[in-house]
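Note that the chains are named A, B, C and D in the order they appear, and that numbering of residues resets to 1 at the start of each chain.
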Amino acid sequence: MTRDEPLTVADIARLAQARLPRELWDYVAGGSGAETTLAANRAALDEVAVLSRVLAGTTEPDSATRLLGSASSMPLAVAPMAYQRLLHPDGEFAAAEAAQAAGVPYVVSTLASVSVEEIAKTGATTWFQLYWLRSPGVVESLVARAEDAGCEALMVTVDVPVMGRRLRDARNSFVLPDDVVAAHLTDGAVGRAHDRVPGSSAIAAHTAAVFAPGLGWPDIEWLRDRTSLPLVLKGILDPRDAVRAAESGVDAVVVSNHGGRQLDGAAPSILALPAVAEALTGRAAVYLDSGISTGTDILRALASGADGVLVGRPVLYGLAADGARGVGRVLSLLTEEFRAAMTLAGCTDIAAVRALSTVRTVRAS
Amino acid sequence: MTRDEPLTVADIARLAQARLPRELWDYVAGGSGAETTLAANRAALDEVAVLSRVLAGTTEPDSATRLLGSASSMPLAVAPMAYQRLLHPDGEFAAAEAAQAAGVPYVVSTLASVSVEEIAKTGATTWFQLYWLRSPGVVESLVARAEDAGCEALMVTVDVPVMGRRLRDARNSFVLPDDVVAAHLTDGAVGRAHDRVPGSSAIAAHTAAVFAPGLGWPDIEWLRDRTSLPLVLKGILDPRDAVRAAESGVDAVVVSNHGGRQLDGAAPSILALPAVAEALTGRAAVYLDSGISTGTDILRALASGADGVLVGRPVLYGLAADGARGVGRVLSLLTEEFRAAMTLAGCTDIAAVRALSTVRTVRAS
Amino acid sequence: MTRDEPLTVADIARLAQARLPRELWDYVAGGSGAETTLAANRAALDEVAVLSRVLAGTTEPDSATRLLGSASSMPLAVAPMAYQRLLHPDGEFAAAEAAQAAGVPYVVSTLASVSVEEIAKTGATTWFQLYWLRSPGVVESLVARAEDAGCEALMVTVDVPVMGRRLRDARNSFVLPDDVVAAHLTDGAVGRAHDRVPGSSAIAAHTAAVFAPGLGWPDIEWLRDRTSLPLVLKGILDPRDAVRAAESGVDAVVVSNHGGRQLDGAAPSILALPAVAEALTGRAAVYLDSGISTGTDILRALASGADGVLVGRPVLYGLAADGARGVGRVLSLLTEEFRAAMTLAGCTDIAAVRALSTVRTVRAS
Amino acid sequence: MTRDEPLTVADIARLAQARLPRELWDYVAGGSGAETTLAANRAALDEVAVLSRVLAGTTEPDSATRLLGSASSMPLAVAPMAYQRLLHPDGEFAAAEAAQAAGVPYVVSTLASVSVEEIAKTGATTWFQLYWLRSPGVVESLVARAEDAGCEALMVTVDVPVMGRRLRDARNSFVLPDDVVAAHLTDGAVGRAHDRVPGSSAIAAHTAAVFAPGLGWPDIEWLRDRTSLPLVLKGILDPRDAVRAAESGVDAVVVSNHGGRQLDGAAPSILALPAVAEALTGRAAVYLDSGISTGTDILRALASGADGVLVGRPVLYGLAADGARGVGRVLSLLTEEFRAAMTLAGCTDIAAVRALSTVRTVRAS
């Protein structure tokens, strides 16, 4: 490690920001509306303080766990994120390579800019994230492709009936560059993501054109019947929905506000987590995302009831900073930090982390 | 939409501030005293975080509702605000035109600078806001004019026994310009609002001269007998008053601190709302104002117990920025934002919004 | 009122600061230690939000009350403060004159720089504040002088066993100017307050020399027997002490942290108040000081359980700004503000103010 | 005292910062990770507000107490801190001299840069802090040396299974200067603390090399059998561990997050304290460290359940500023401040301090 090598995800974010054109940075780092939820995600995590345990009596913490039946080196998966070729020519391929090397699952977005079949070549454990698309039969065919490509789980994102109001993108009249396309989408609407309309986001226009509005519980039940893969719902905040998901045969939920990119004013995930976790005890797994950027954050999430976390933007920062190497650095930093945090908190394994107590502390500003 | 078109009410507020002479801006945007309540309104709204629901299964949210029996395209009415010709020559007429186009009720102030009869010509659903005036018979004749002009409700403002101590106006020695007058007032006292007295507000002096001090429950009961229109009390914070209102035959209350313009130190409306709503369940409708400036704010209010909201300053900012068009833009922004928020929160109709859960979050500064 | 006339106590504080040499300003405005308690007094008051009442049905609020049997135009007395000639040549005389004109009690400090007999000539309602002094017989003779001069109550300050660590004074090597002396003290120790010792406060040295350490409940009981005047203890924060006071025949307590000048880290008075008020219901009166600087603050205190407030620094700011006239302006501002606050909160009398509900709000910074 | 003499620990910290090379300052003053816990320690202490008592009736507070059977002039011991010769050539010797003069125990670190036998010559009451080292027999021989040197207690630090991620040290590529060595360590690994590795801390590398990983309860029980000295565990936050400690025959615990230097995200000690103190009532003593820097902080800790505190960095600031004299100044300031705080809070002895009530106040920023 050289002196200037990044020591934290925040360091890598700074590198990424320095490299990216402003509108790309804004697209990745930004949130919706007044970015209240984006900021609250961070603030609420900072307020979770852990009561470390001591004298655990083991040398090395065991951070390994199973996530939806897939083995993982730690309780973390790479969150599904669209269009990763925006950040680096190798896009999803590079990110999945790094996930493979780190031994954590990689979630392939419906809007990936590299196809699931290509990504599968990295050998990474993959899960496939589904957006419900308008064109008839497309969802079914995506499920089939995912299954064929060896994906080990399906994750339906349920918090994007429409795209959140991302003002930075609208002000930047954001469009995808011509060479970045949604690899799994074939209909003509794809072009919408490239058409610049002053004062609005082409991504949002594209989403509106291709996403099926009106996704509902019957669709989830249809999918449950259609596939034997583990099924995850991403974007749950209310325990009532969590319970309904379990009743519909869903295997796990992701407590998420989509990183503050959908409803501005939605609860910080970490505040919504405990009630969801309690409602699902013994019935379904519970993951959390939105704001996780240090090993301590992972500890906070597990101590608050999660079985694991998804990590979004940090992976893109790594990708922008240095492709697969950069993502590798992000994942190894988080691994190092999380394992150190486990050790410092006196936890020999993941079960011990989940048994930690927390208190709500004050946030010094 | 062009690139620089406003995307939020805050953008429109900036446009208005740029256009208005400072003393007018201060009159509109300011609050009373140290502006503690003005600031707390915003801060307290930001701390209400919503647990979105998912998989509602419908395409388009239905934001339509009934407010006091009047149909409305969304749970919002334009708050009563005095002297709108201060902001634009067309004043109330322009604002009501925009409300009509947006399909929301417009509340005509006793201190309107355009008469209720003129405003009625816009075809807007109107309610009439009553201040209790000293001159004998004036209230009764205002009620009659309101009824004759087709107003669909009467709203008695109960939080202005005297005007709040608005220091900006006093420091600006604020007066109305000669061509802006209270169209419904005829007695000589009107002139007081135009007489500059260094170090004090002519508006406050005028109010003191014409408002009847000592408005009480018997007056409300007299009015209840006098008219068959729905009756609303605006400016309720304590549940004891809410219950008394329901017992007096009042149809609705507005939980309000007058936008932080009356008692500095009064509770943020959103914090006072839940207890009032609980006390009135099934007995009277509950509206809220003070600080509402985004679609998410409307969601927050309804999730906290309100049946609808009034919006004040944002409408005046629209009026100052671009007359009826500007107000139209404000209302369409709020509609768009609220409908998007409903969709993102998984709510297909207003009942679903009212069934949302909230948590108190941290405010990141 | 001219345009630049002060409209708030804060305006007057600024005038005073502009006029006073820095070391005097520091002596008056400062607190002890890191000034945590000083700042928390203000912050905690700002967090008390009032649920205004409506439709009280009267014209003019009646702010008159009785404080310890003395009639007062409002529930406020001027706090005892040492050496007022520091701020203006007329010192206590001017301040008491203004209190007399405003119809509120004036509390004469043991360390007054004008004698109680002189102050009595203003015709103000006076109470006498006692510090327990070392020299034998001095307390008894002060009590006799106070009784003879017509003081209507005795207030024993119990939170100054020694002076708080006021770092500003130490850094300023603060001394009293030669012409300001404690008019009631006669022994040689008086000189200590004038001897400059680099890096420490001469006032603190003087206090240490003349105050009797070890004041205890037996002394209070002795005094209770000695005088038939109403007896007040100033500086109570813990309800256990409040109850003990009532049991010792004390008529009232002042919930106070001495304006943040004694124990840094002591609770803001407004947070300590409710438990003390509850413990004393029907047994003794409860006053509050520390941070009161607006009419709304008085409302907050009464709504939180106080029967009245003492006001300290604002009076000295008025005195520094413009002698008796300045104090008059402070008191008339507070009267105006408090009466306006009563009206706006729908309170016709002091009993109504005490029946207001409060909520803890967020402090927007 | 001259005018510019330091009046607070903060003043002394400034002097130290001015004198120390930046990397030494960072090593001492810094914390781990994002320094969330470091900042929260201070913020949480500031939020503990005390309800002072009054009329205690004694002249001088008695701050004397027993700590683990050792007499102490006040409820404070100097925390164990490594390598004190970094701050001053006389290092631990000077600090212990000052502790002796102040009458408080001095805890000798395993990583002291002056040997326990040398330190013992100061005549200070010493306790010996144990890190568990890899080399077989070293712990046992350290215990024997400590016993022989007259140490009156053994304190096992249980929160350093590995060193926390101290980013400042990593960024500074921190190493010990050649002339500062761990006096009690003899094996070859000592050199690691002097080998500069760009981008990482040599201290951390050294620790990793010499500390025995996997310290557990059986080791504590072994030690309990091995020595008859009082036994303390330092670094407890969870009441479950506190209870287990008492069951293992431990005499006291230190509620500590190691001054924010180990797990970033660990709870502020003062927030963890009450539950630990309650769990141990009557079973073991409870001390607290992390952030104590004023006399009021000591009061806060005792009022929250502690029997005493350890003070870390302030001692090093004193040492850097002026050797034994500087430490003496820190300890006399804390003594003066604590005794003043006792007096101002109406406490005649330590039992009274522990009986104080507290409220959680707002932190004004």
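The rule is short, and it goes like this: a residue touches a chain if its C-beta (ideal position, glycine included) is under 8 Å from a C-beta of that chain, and two chains touch if they have at least 3 such contacts.
A quick note: this is a predicted structure, and the numbers were derived from the prediction, not measured.
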item	value
Reference chain D; chain at largest CA-centroid distance	B
Size of the rotation, in steps of 5 degrees, that lays the CA trace of chain A over chain D	90
Chain copies touching (chain B, chain C) - same or different residues, decided at half shared	different
Distance from the mean Cα position of chain D to that of chain C, given in whole angstrom	41
Euclidean distance of C-alpha centroids - chain A vs chain C, Å	58
Shared interface positions of chain B, touching two or more other chains	363, 365
Listing of all chain pairs that touch each other, if any do	A-B, A-D, B-C, C-D
Contact footprint of chain A on chain B as seen in their complex	1-5, 7-8, 10, 46, 48-60, 294, 296-297, 299-300, 337, 340-341, 343-346, 356-359, 361-365
Chain B contact footprint on chain A (complex, rising order)	33-34, 36-37, 39-40, 42-44, 47, 158-159, 161-162, 164-165, 167, 170-171, 173, 197-200, 213-220, 233, 235-238, 240-241, 244, 257, 262-268, 271-272, 363, 365
